[in-house]
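Chain lettering (A, B, C, D, E and F) follows the sequence in which the chains are written, and residue indices restart at 1 in each chain.
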Amino acid sequence: MRGLIVGRWQPPHKGHVKAIRWILERVNELIIVIGSADQSYTYENPFTAGERFEMIDGALKQEGVSRDRYIIVPVPDIKYNSVWVKHIENYVPEFDIVYSGNKLVCELFRDEGYKVKEQKMYEREKLEGTRIRKMMLENKNWEELLPEYVVSYIKKIDGAGRIRRIEGLYE
Amino acid sequence: MRGLIVGRWQPPHKGHVKAIRWILERVNELIIVIGSADQSYTYENPFTAGERFEMIDGALKQEGVSRDRYIIVPVPDIKYNSVWVKHIENYVPEFDIVYSGNKLVCELFRDEGYKVKEQKMYEREKLEGTRIRKMMLENKNWEELLPEYVVSYIKKIDGAGRIRRIEGLYE
Amino acid sequence: MRGLIVGRWQPPHKGHVKAIRWILERVNELIIVIGSADQSYTYENPFTAGERFEMIDGALKQEGVSRDRYIIVPVPDIKYNSVWVKHIENYVPEFDIVYSGNKLVCELFRDEGYKVKEQKMYEREKLEGTRIRKMMLENKNWEELLPEYVVSYIKKIDGAGRIRRIEGLYE
Amino acid sequence: MRGLIVGRWQPPHKGHVKAIRWILERVNELIIVIGSADQSYTYENPFTAGERFEMIDGALKQEGVSRDRYIIVPVPDIKYNSVWVKHIENYVPEFDIVYSGNKLVCELFRDEGYKVKEQKMYEREKLEGTRIRKMMLENKNWEELLPEYVVSYIKKIDGAGRIRRIEGLYE
Amino acid sequence: MRGLIVGRWQPPHKGHVKAIRWILERVNELIIVIGSADQSYTYENPFTAGERFEMIDGALKQEGVSRDRYIIVPVPDIKYNSVWVKHIENYVPEFDIVYSGNKLVCELFRDEGYKVKEQKMYEREKLEGTRIRKMMLENKNWEELLPEYVVSYIKKIDGAGRIRRIEGLYE
Amino acid sequence: MRGLIVGRWQPPHKGHVKAIRWILERVNELIIVIGSADQSYTYENPFTAGERFEMIDGALKQEGVSRDRYIIVPVPDIKYNSVWVKHIENYVPEFDIVYSGNKLVCELFRDEGYKVKEQKMYEREKLEGTRIRKMMLENKNWEELLPEYVVSYIKKIDGAGRIRRIEGLYE
């Protein structure tokens, strides 16, 4: 059985890795969609799809998860919600079940006939993208919330510095 | 004489229907443009163009307004205001006069040489899209602000539930 | 029961009108989609969606077909075939059955679970858009292939002249 | 040596003109990019690219700056930051150095191998686009912040009135 | 009086320069629009807008035409012919008269109320973009058809080699 | 060392698999880009990116190539060649060397500073996408040109039938 999970992974954090491991106990293979793949260098989406790919892939490798168990697929945005599930389907191999913690995502996939399961969340008040980006902006202890591989990758590309420099290209 | 009115109709409310009736006393035929026709499943634009078409058409039928008096035309957004009037012209049959309560809309059509008339508004503090969507979100008495046909249609598709579930696809 | 038919109607010809009448004997109401609604002033798509709307509507009126039996909906292109049916669904009210003479259209709607019926074609070797546009270009007897209303409308806007003037904007 | 400066110039103000003069003491020729050239008739971007072209060109002429020293190039937005510098390169002749007061702009050009210099700002707390548009909205003394040519041009097209009329096309 | 001329200038040839000089005897200032400014590295559009800007500007300089007499404005394509004139208007300063050798361009500007004049063509059978690009592809004597400045610029960037290498990115 | 190869894989054939194996003797890991990922159900691009992903992945598995050696990344088209390399970079992890048999692709990557190597082609006159799609259209012996896994996958989804049904959606 093949599962699918959708996220923006800006950046991938410890809660993400735990959720992926939890799903992998339930499916043979997991498609990890990188949403908003065309977005980068903005406060909401600081990292490119390629950087996010590298971070997810490296973090899972470090955890000892084999690539036989997952595939990562970047998918650009489509500002057209009523065709969104079809848009995802276009980019990824077939799947049997969707995991998500978002009610609208659940509904949209259900409306297209998919089996959908609520995704387990881990310490959501702490492990949450918006909060982590804010900590990077303010130079707080964001490192302890991310997998080791992701921390060293972000340091290598000075990702926290990038977030601080982003204030809108034309202002 | 053929008139034109532009709106997003999210959703069509009693003020809309009154305004259409008021205009129909002044023109033979009215083109009802559904703007932002490519938007749906967002808080600002919860309903698809097709759903809005059905709601306007059904509400006017219930009021006894014949289709000989109006045509409904969905028009997608163009994020390019300086060509906006030409964009509308591309989608609709010719028209002689524009009714609108929005000053910029009035100016843009006037600049292209159209006759423009201020549209009569009905109880605008009560009958207003943003306010009605908020009432649907908060499960308040929105039903009394909409035509009967629209109320039953929204209930059939659980439109109020949809608004409550919309929180952004990737968050 | 509500049917749906998709075409580009460049321009609407006598075969189109016969086909619509034939379908209207089988459904209560017909949604007439004007495809490629964002295209105009090209050789393939000389007329705007608004002009095509006017021509279809006028031709049906002349035939004595009431607007209670059909609705016309312009839909812009989406260069993304795998979401095409969802894209159509976004723009139009719900429908039960699709009529088409194109095999891929039939398959795409069937894949989404729609009932699809082969549309009857009338004198297809004569009544065919590409052929008619070529006749307009070469100033041949195109008038006898179109409904009277369409002929006079095209003459009013000098549509045949427009086709002759179109040679690509930048060449 | 040819320099490049990027701005939205909504509208061009006295600080802009001073900055251009300061740069022109350092380069032979300056490419003045008009960013967001596809935007207009919004609160953030009230003026079209063509209007902004005219205002910059006229203000420099009035200052006695010859067109031999600068070229103005409108460039539309690309909502895709990781290709942004390449996008600018596509539209303009070659250049050797970039002047900017924005940290992300500086970083993006540096990443592509350009020499980048911090641009001198003049009375930034007073001479700043957002603040000036707000003053036009509120009918305050915006005239003293803009070059004479720009003031008379904005008055000719009633630019301040336009800003007051802009409240979103569909609301 | 300000004139406007639209072309793709792929590449600018001797006929173009003669036409511009001929127009400059009739207007004070000429807006030279570089159409399809977003296209490059294709057989139809081998050169970027920036390269074309440099070639036109350099050729006119070599001819002794002052920049006080012309401005060059790159404009991206809009695949939407019915708003095309408005799209051009958005990018350029105001103009009084349009020069063109293309019948549809003439008609579209006339429909928007502009004065339009047939542009004089020079040895059109020889001096024509499609033919010149084919000569570059086949390594024939294209150099004698272009202004000296353009020839040396194309040689500097190996433009003829680029045309020979272009066969479609994915084939 | 990480390599990159770009193709449309419509469909993946035996020459592709041999080329990938040949490259994998030279790099540790290979990024396989699926170009035109947004295209499908056309004669040039009959299969969706997801279907192509499945076919490449399955064919490599059948050959005994481990996923540790490659990653597959679908990338949509950008009709804007001068930013094309940056666009690819946005979607994929970092890479050191590019393999391609296309001269323009080689040049574009070299211009961005990449090491580029000519890719070995296998029986190109036989193993070539355009030719294979034509054979599928004409119901000829296409099966012997594709890896076993790809043949059975195409049969499962009736891919050859799809190609025969594609004649353009609106004709």
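Assorted remarks:
As a working rule, a contact is a pair of C-beta atoms (placed from the backbone, for glycine too) under 8 Å apart; a residue touches a chain by one contact, two chains touch by 3 or more.
Please read all numbers here as calculations on a predicted model, not as lab measurements.
Interface comparison, A-F against C-F: more C-beta pairs in contact at A-F.
Inter-chain spacing, taken between the CA centroids of chain B and chain E, is 44 Å. Between the Cα centres of chain C and chain D there is a gap of 46 Å. Distance between chain C and chain E, defined via averaged C-alpha coordinates, is recorded as 37 Å. Spacing of chain B relative to chain C, judged by their CA centroids, is 26 angstrom.
Residues of chain B in contact with at least two other chains: 38, 40, 48, 80, 82, 89-90. Chain pairs that touch one another are A-B, A-C, A-D, A-F, B-C, B-D, B-E, C-E, C-F, D-E, D-F, E-F. Residue ranges of chain C in contact with chain F, taken from their complex: 6-8, 35-36, 79-82, 84, 102-105, 107-108, 130.
Per the touch definition, chain A reaches chain F in the complex via residues 37-38, 40, 48-51, 53-54, 57, 66-68, 71-76, 89-94. Remark: chain A residues 38-42, 48, 162, 165-171 touch chain D in the complex. Across the complex, chain A is touched by residues 78, 80, 82-83, 86-87, 89-90 of chain C.
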